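Only one structure is covered here, and it is reproduced in the block below.
For reference, chains read A, B, C and D in written order, and residue numbers begin at 1 within each chain.
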Amino acid sequence: MERGLVDFIISTGANLYHDLHYALNFTLRRGSPFVDDRELYEEGVIRIYDVLFPATVLLETDSYIREFIVRSKLNEPISTADFHYRLGLDLIERYPGCAEYSVVANAAKCGVPIYTSSPGDSSIGMNIAYHELMNDSRFMIDPNKDVNEVCAIVMAGQQNGCVILGGGSPKNFYLQAQPTLWEVYGIPKGGNDYFIQITTDQVVWGGLSGATPSEAVSWGKVNPGVLPDTVVAYADSTIAFPLFTEYAVGSKYGQRERKNLVHKRDELVATLKREAKAADAKRKSEVGSTH
Amino acid sequence: MERGLVDFIISTGANLYHDLHYALNFTLRRGSPFVDDRELYEEGVIRIYDVLFPATVLLETDSYIREFIVRSKLNEPISTADFHYRLGLDLIERYPGCAEYSVVANAAKCGVPIYTSSPGDSSIGMNIAYHELMNDSRFMIDPNKDVNEVCAIVMAGQQNGCVILGGGSPKNFYLQAQPTLWEVYGIPKGGNDYFIQITTDQVVWGGLSGATPSEAVSWGKVNPGVLPDTVVAYADSTIAFPLFTEYAVGSKYGQRERKNLVHKRDELVATLKREAKAADAKRKSEVGSTH
Amino acid sequence: MERGLVDFIISTGANLYHDLHYALNFTLRRGSPFVDDRELYEEGVIRIYDVLFPATVLLETDSYIREFIVRSKLNEPISTADFHYRLGLDLIERYPGCAEYSVVANAAKCGVPIYTSSPGDSSIGMNIAYHELMNDSRFMIDPNKDVNEVCAIVMAGQQNGCVILGGGSPKNFYLQAQPTLWEVYGIPKGGNDYFIQITTDQVVWGGLSGATPSEAVSWGKVNPGVLPDTVVAYADSTIAFPLFTEYAVGSKYGQRERKNLVHKRDELVATLKREAKAADAKRKSEVGSTH
Amino acid sequence: MERGLVDFIISTGANLYHDLHYALNFTLRRGSPFVDDRELYEEGVIRIYDVLFPATVLLETDSYIREFIVRSKLNEPISTADFHYRLGLDLIERYPGCAEYSVVANAAKCGVPIYTSSPGDSSIGMNIAYHELMNDSRFMIDPNKDVNEVCAIVMAGQQNGCVILGGGSPKNFYLQAQPTLWEVYGIPKGGNDYFIQITTDQVVWGGLSGATPSEAVSWGKVNPGVLPDTVVAYADSTIAFPLFTEYAVGSKYGQRERKNLVHKRDELVATLKREAKAADAKRKSEVGSTH
């Protein structure tokens, strides 16, 4: 992000929530997946595969999120990029230096928007929901804003591409931006120019996580002309992504001017709206002229 | 659903969107994954693994969704359960008999709420977003409502359990209901009493999709006492789920009274709010009394 | 095998060795993969995933094999089909009725040859090796006989095909018969006419177990004309194979005359030798005539 | 091998056969798995996942093997280690410098025995079988020798351990050496002291390839005391093994005196025989003394 190599991020909520622990200075310990979870439960220890930490880490991170929401006086629907940006700024203010080991904080510092395709699905979403239930707040994530902002960013790209770690809902949320343009807004774009996926899923199960860039061509998500250059690396991201980034950072393209997209969201959505209106008008006039 | 064996559903948006094709009477064809997607793209054919259909199916399903939104006069944030219910009723009205081959329609008929943890991530979400951008609508999905409704349903269960097909965001969205109760609302519940997952993911990648019921015990998502009875079947759902349902339907538990949860959402959320307020008050008084 | 639907079998040694336990009337118990193997080791319990049995089952099965070898007076190299056939007859004689629950015994009864591509790799192979080391026996498995017998059987087939459970060395050992014919013996055959594989391996790892029938076409292992009809089912054999056999047995092709190939091995190899000599002579005369 | 870090190798025959192409100076080309194999077949091109080469490479490698067998005047059963050693020496003699890019040649140079658990299963095995069928040769691989040699090498180790790439028959062939000692020869050894596996297989399918070091403890294959230090890395060997070797070679243990085991096989087997006889005598005397 500091090198301008990351324009924007789409993440699960869980990745961002557990990132907060680092910003808040909690320690997560490397353990083993071969432990007795009933004992862990008795002792109030939470396990994520081979990572262990006390349940209090959850409770205190939750408290921080709820207090941040109250403090921020948020009381209307906003996009996840907006929310994560404000959250990141708050972290930086309260925990100086935390941008060094928190993705959320560093993204705010670098002007990189972070989207979540499943805003209710994580402890972040759970604590926003608390606020609505308990405090009758009108603050919520507006998924429409997320869809349109991502679509607007993609439309603005001279060339588009993605590096996908895993798959799941974030994979589709990025890839659907191209169909949103042609299928919903009537704006042809031509598909992604680059496609790199690191995954352990497989094509044969038929799901979107393991779906190939070739299948994406049929949807207009990937430019048919670049298909031979698309890459799917079948590997655990924790192995393959460090190798990939080391290579990317060390190459002659290892530094770019930052795009600061977090500050250009409104402007880009306004452009999308203008183009969509124009496409709509054109479509209607064409339909009209055939009668 | 007709037999009362399904209380509620959490699905990706894509499953529901593509279900609409059936309700709208479009034909999806069984092809092969071994085709040239550049040719498909040229000819306007969309591929999902081995399923093929013309791109017009997308365009016309999208039109239906947009027209439904306009027709329904929706202009405020609602839950996905509410939205899918209204959608299902509209389908039944306009396409009589479609409940026989559409999950969305049949769920509406049977009073089964359908939630989506990633409301912006699908062509349904794309067309809702269109409505906001182009028509300045105030209709949106409120993820908070989804979080609280699912949490309220789970709290109301005397016994809780799930059948998970695959994994992904829907898996976590269901399982997080128990932590929402104890971690966020201070209401102890004890974890799920039943846990069945059919998946092709694996535990060793460390993600939530492949995480075991044992790991879920450490989070309070699964009752530690039932761990030996939890099941993970490593198989494609298209093979294992029909075997499972045939067994379940043929057993002496193959029929139950329907719960009609789609109509009880407000009432259950009100109960959740009451309990959460009580837990909050108790917590505060305890903290107070220690000082 | 009784219905004549199985002409011959290629198996790992382990499958056959553990099959003997059933013939010898030992009990293997269904346990769980989630046990403490150090405790099992202390208590002399052997585990194969979720199957548990005392180590004495190994020791007594080993004794039986060694005694059988002595008793059978084997003292020269033979094929695995020959060895397993004699073993099966001995089992039937000593444990009447065991053909009902032992593949090795039943194959002998039905005249179905069983080959092992890795003859030293199993407790069967270990006990044959014991015999050579301790008793200076000249009995051994001659892998050449296995290669040539399988090749001769395949050459004799009017149509060839296989059902592959898993993959591994047995998969290649069957499929290499066609290249042995054209590549080594100069006898064109045209590849398999049927190809069914049930596997949990994946193509992307690049190994033979997960290799597609399409890749096999390039090797002349599968007839290019039948490629669209080949099938790879990505599933655990313990789930998919019973479904498959139930279907096959229930179909109108559910019964065929048995081929009794175990008794035709010498004759078929003699035919192979004749054809190979003829092909060799032809090749040499062609090379000669060009000079 | 040059650094003395590899004592001996157990490989599939295919790995060794295709290694010969490099020694014989043939070119294998990197292609793509997304090609039309029917076209490849028409044009006489062989595919191994994304590796392509003309069928003549097979035919000429086969010729070399057959000529080597004739030239070497082999006419009796030998172990695969013996055979591969002779083959490697022949390659070095005829193709000077080939040890740099051929494992078989380099192993011969470094005195590293190479075993194959499935000696008939590869084009090497096919061409040995040709020799028996066409030339009435008495040369064959004796699997008993392989079993006993590997067992003797393992018995001689002060500490034992393995690095497993993939799984399959070679994995079991190494691991069975410990049970061969205690189960068949009555010589307690205590299991492996080190266990490292790089694999893409999974434990849940229940097979040996994906079986854990923990399961191996129950068999006496792995020392129970070292279980927490055993490692299974779930990754493609082509990614993980270079990282692993780079680490191993760069460490302070990156160089050891070579063991030259290929020249000590007879001596080690003689020791095994002596120990096995002693154990047998002791067992018999104990049984005798209890009567």
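Simple rule for what comes next: contacts are C-beta pairs under 8 Å (C-beta built on N, C-alpha and C of every residue); 3 or more make two chains touch, one makes a residue touch a chain.
The model shown is predicted, which means the values in this text are computed figures rather than measured ones.
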{"item": "If a chain touches chain B and chain C alike, it appears here", "value": "A, D"}
{"item": "Superposition rotation for chain C onto chain D, Cα-based, multiple of 5°", "value": "180"}
{"item": "Distance from the mean Cα position of chain D to that of chain C, given in whole angstrom", "value": "21"}
{"item": "For chain A paired with chain D, centre-to-centre distance based on mean C-alpha positions, whole Å", "value": "46"}
{"item": "Mean-CA-position distance for chain D and chain B (Å)", "value": "51"}
{"item": "Junction residues of chain D, two or more chains touched", "value": "200, 202, 204-205, 214, 234, 236"}
{"item": "Residue ranges of chain C touching chain A (in the complex, touch as defined)", "value": "202, 204-205, 232, 234"}
{"item": "Contact footprint of chain C on chain D as seen in their complex", "value": "12, 14, 33, 37-38, 40-41, 45-50, 55, 58-59, 62, 77, 117-123, 125-134, 140-148, 151, 166, 168-169, 172-173, 176, 179-180, 183-185, 200-209, 211, 214-220, 224, 227, 236, 238, 269, 272-273, 276-277, 280"}
{"item": "Contact set on chain C toward chain B in their complex", "value": "32, 34, 200, 214, 228, 234-236, 239-240, 243"}
